[in-house]
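Two complexes follow with subunit A in common, the first pairing it with subunit B and the second with subunit C.
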Partner chain A sequence: MQLSKKIVVLGHFGVGKTSLIRRFVENSFSDNYKVSIGVHITKKVVEFEVEDTMSLILWDLEGTDEIKTIRDAYLLGTHGVVFVFDVTRPSTFQSLNTDLEIIKSKLPTTPLFVVGNKVDLVVVSELETLFKENNIKTNFLTSAKTGDTVNDMFFELAKLIK
Partner chain B sequence: MVEKDKVELLRDILFTDDRVFVQKIADRIGVIEQTIEEKDKLSEKVDPIISKQLDDFVEEIPTKLGPAITATLKEEIRKNKEEIVDALYPILGKMIKKYIAQEIKMLSNKISKQLSAKRWNIKFKSWFSGVKEEEIIISNLSVSTIEQVLLIERGSGILAASYSKTKTIDEDMISGMLTAIKGFVEDAFGQKNQNLELIEYELYNIHLQSFVSYYVAVVISGNYSLEAKDKVQDLIFDFYDDFMGKNLDSLFSSDGNEKKEKVSRASLEKQLNKKFENAII
Partner chain C sequence: MLKKFQQEYATKNVQFILTDFEGTILESDQAFLAIKSNSHLIDIHPFFECFISIKDTLEDEIVFNCVHIVVDNNEYVTDIQFSKKDVGFLVVISDYTSHYIAYQAIAQTRNESIINGELITIKNAELEERERFKNLFIRNFSHELRNPLTSIISITKIISSTSLTSEQENMIQFLQESNANLKLLLEDILSISMISSGRLKLSENVFSLSQLFELITFTYNTKTASKGLSFEINIDKKAPDYVEGDRLRLYQVLTNLLDNALKYTNEGKITLNITFNQKRANKVNMRFEVLDSGIGISKDNFETIFESFTQLKTATENPGSGLGLSIVKGLLDLMNSEIKISSSIGEGSNFYFDISLKQPLQTSTKPILNTNKKSTKKSSKRKTDKKYRILLAEDDINVQTVLFKLLLNTGYFYIDLVNDGALVMEKLINDDYDLILMDINLPNVMGDEVTRLIRDFPFKNIKKIPIIGLTGYSFEDDFAGFKKAGMNAVIAKPFDDQDLIGLIFKHL
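Presenting the complex of A and B:
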């Protein structure tokens, strides 16, 4: 039986959650920004080895500036979480540690990746300095536009929750 | 030289060039007059210009006239709704009439069958139950069919097994979306221990039967009466009792206890098929 795992992707408005999923699932990108409403579900099968696959059921939750308002019903049974922020908009990562605490209180044992997206728009060395100054730790810096490390990020999470 | 000759000589000196010039103009005007008066010659000159202008005009219609035409049409539709409905009515009427005729034909066939083969059966049923024969016939005509059954893990929305009569979009995604809808409704109304039980859309109904760890979604087409609901619930409970109660707790437990015997998805689906494929509701 093919293993299926639920991944929840969340974060503030317009940080590129849907674009990251689209890049991972369809390998495409669009500049047209459409606000996600409610939840959108997609699926991607990742292959670790021959005949060793996993179905990732990706829950793309609508963006919110108040992470604590995310419906608990959407988080039930989650196997992995991706918290996305926009590296070009400090408002999306200023309260990152508080946001992460809220998520961990809802899903204490669930693996969580912190992802800074839109890295193609900044100088990475400057960003690293900024993060260091603000005590921000990320697992991945991605670009849904160029595809940079998007697949790696989801693949690593899949390996972790296998 | 006489006075007259002198004047003539002076005129020659003064007007020779002008006369040549005037003659040339007169010749040119003559050619133009001839061109205008003779259609063929005029066409030869003018047709390529008109043709070019027409081509340009045709090319520019969408950009130049398109918005104006659209605006005019919108305005006309707004002003003359009734006339437009009048104009469309016969077309729609024909389509509806054709559909109704087809349905009546099908109904008539069913009634004929009922009246012939099962006539006596219905008569007996009517005598014993006290229900009118017509009502029994109509009740027999309202058929509902199980189209799809999904066994879904509560919370995560992960699909455990499925049975489907026809191919649909990815069942893993359907399971996720059903779970999201179910979760949203149950969350939004804030009623503890209450479950979304039915989703209706046009000719289909999705019956949702919740258990502790899983829920079963059954897609039904046709008339979903109380009697049909009762039968669907019986089928689901039978399925759950027969199979899930014995095996699923160990099958999908996440405690990593490998000693427990796990049941394959294929086996689960075989059971679903057996239970629901030929079920009459």
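Presenting the complex of A and C:
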């Protein structure tokens, strides 16, 4: 049977979780914001090499004000976590390190990527100082709108949890 | 309310599915999903991939709320419960679609409004920051330019009175005009940036209106005369002498209006009228009116002339930044007043405003002297290795040249030059100086006379400015008279370089 791994995508509301998954799965994007509630689950098969594939089961969670309110059931059996924040809205990354602590306490051994999304809206060099000021470390900077680094990000995570 | 819940319950779809321990479906009702026996849970929807971890870990039961599943192209929002039974697992899928859709609508409104609020705050902060930066930049930049410009202007002035070929004379004249324009521009830009950044705070001090009018008369008699115009000032007898307010800013408003009139008037006269309107409680309301016999302004331009950096096309040959009137508008705005115009082309213009000024309670006693913030700033400046600004009031070109060379060579000073006693006061009001070198024999108003005026001035920073007299007289009696006029020291020409520099430092 095909290898299948669960990836949970979470973060504050409106940061682009749904958009990142849509870009990755359907290679499309919409400017309209439809608030997600609960969880949407989609499947995407990634191919590392011929005959070497993996099914990613992507759990697109509703955005939260506070990470600790995430329903624990959603996290059951998670193989990888993507924490997304919006580089244009400080409220989505101001408490990033506490948020990450909470996730790590719930999923201590699960690989976790920190992703700053919507980089198409900012000058990347300015971000570096912003991140330094807020003591933020990211694994990826993405844009669901332009598609920048979105596939790479999911692909890297897939390789990591293979 | 109850009815609503009942209805919800009645329309709620609940589907029961029984699987073996591996997730193969043993039985299912067909409440809202068509599910075949012997198929696998995972085939229903990718959500059920989670069964893999459930089957190994679940001890009792687990519920997943608000799960979106799409089956046969229909989307449902459901709660899904797994319970471990003897034969395998019982899966209960409850369809709460309509309930969750209502909830989604609420979340939609809420999130959107929060995000919009955040974005607006960020935008505003950004705009403010940009505005702040712009103002700061302009202010620092103009400040930095002012001092070297002072030297350029003064040196140009000196060169202009040496013997020059007519070609050189033309060039110097052009240079002088450009310098003057540049200086005006810088000062205006500074004022505008102060006003628009809200940094300009009005002071509230008692001052004498009649002294202010005296100063204006003094200055504009000279200025209009040099353009072949006449100046008239009419002061209402009912106008109070002492009022409370920001004297410097009122002066700035009036001089900007008068300078503007001067700029656009080539013959005739310029008039300043001050009329008493009314008195209420302890406030007196007055009208200030500046009339000219100049080119006039067409009605279409009444609004735009007060905007920054607009200058009417007709004025291109006239000096100035075109900022004067927007400074007037900004300052009057701060004083809760408003500039008004009446004018028509060819008939001159009338700029006027009504302003309320407080009247101090005891007008009979001496006015409380102005304590200006600038003076404290200046004393701290002396401790740093910044250059000092010296105003040289001297009309003799030879003395000018000597002093310029001497003082500039030390590297400690910026020198500003004025060669007419009548123009000293204006310089002092518009600029900060650390010391004045004052010739006694000045044209129009003598140096000791100017000194007396300065010492009577209501602003501490001007009143207290050190003054060193330069005189051709060499009798001790004269010296004493000059000191009595308010000079801190007097030195006779020709003087020893080191003596003068020593004396300057002694009084800085």
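We take it that the second predicted complex is superposed on the first by the 162 of 162 C-alpha atoms of A that agree within 3 Å, B and C clash if a C-alpha of one lies under 4 Å from a C-alpha of the other, contacts with A are read in each partner's own complex, and residues count from 1 in each chain.
The criterion applied here is as follows: a residue touches a chain if its C-beta (ideal position, glycine included) is under 8 Å from a C-beta of that chain, and two chains touch if they have at least 3 such contacts.
From a predicted model like this one, the values you see are computed outputs, not experimental measurements.
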item: Side-by-side fit of subunit B and subunit C on subunit A, or clash; value: clash
item: Which of subunit B and subunit C A:Leu76 touches, first, second, both or neither; value: both
item: Which superposed partner A:Ile57 touches (first subunit B, second subunit C, both, neither); value: both
item: Which of subunit B and subunit C A:Tyr33 touches, first, second, both or neither; value: second
item: Touched partner set for A:Ser4, first subunit B, second subunit C, both or neither; value: both
item: Per-residue touch tally on subunit A - higher for subunit B or for subunit C; value: C
item: Partner chain(s) touched by A:Gly14 [first = subunit B, second = subunit C, both, neither]; value: second
item: Clash-bearing segment of subunit B, relative to subunit C, as chosen among 62-70, 152-160 or 242-250; value: 152-160
item: Subunit A positions touched by subunit B in one structure and by subunit C in the second; value: 4, 6, 38-39, 41-43, 55, 57, 71, 73-74, 76-77
item: Residue numbers on subunit A that touch subunit B, as the complex places them; value: 1-2, 4-6, 38-39, 41-43, 55, 57, 59, 71-74, 76-79
item: Touch list for subunit C against partner subunit A, complex; value: 45-47, 49-50, 52-54, 57, 62-69, 77, 100, 103-104, 107-108, 111-112, 114-115, 118-119, 122
item: Subunit B residues touching subunit A - in the complex, by the definition given at the top; value: 153-159, 170, 172-173, 176-177, 180, 183-184, 186-187, 264-266
item: Residues of subunit A that touch subunit C when the two form their complex; value: 4, 6, 13-14, 33-35, 37-43, 55, 57, 62-63, 71, 73-74, 76-77, 88-91
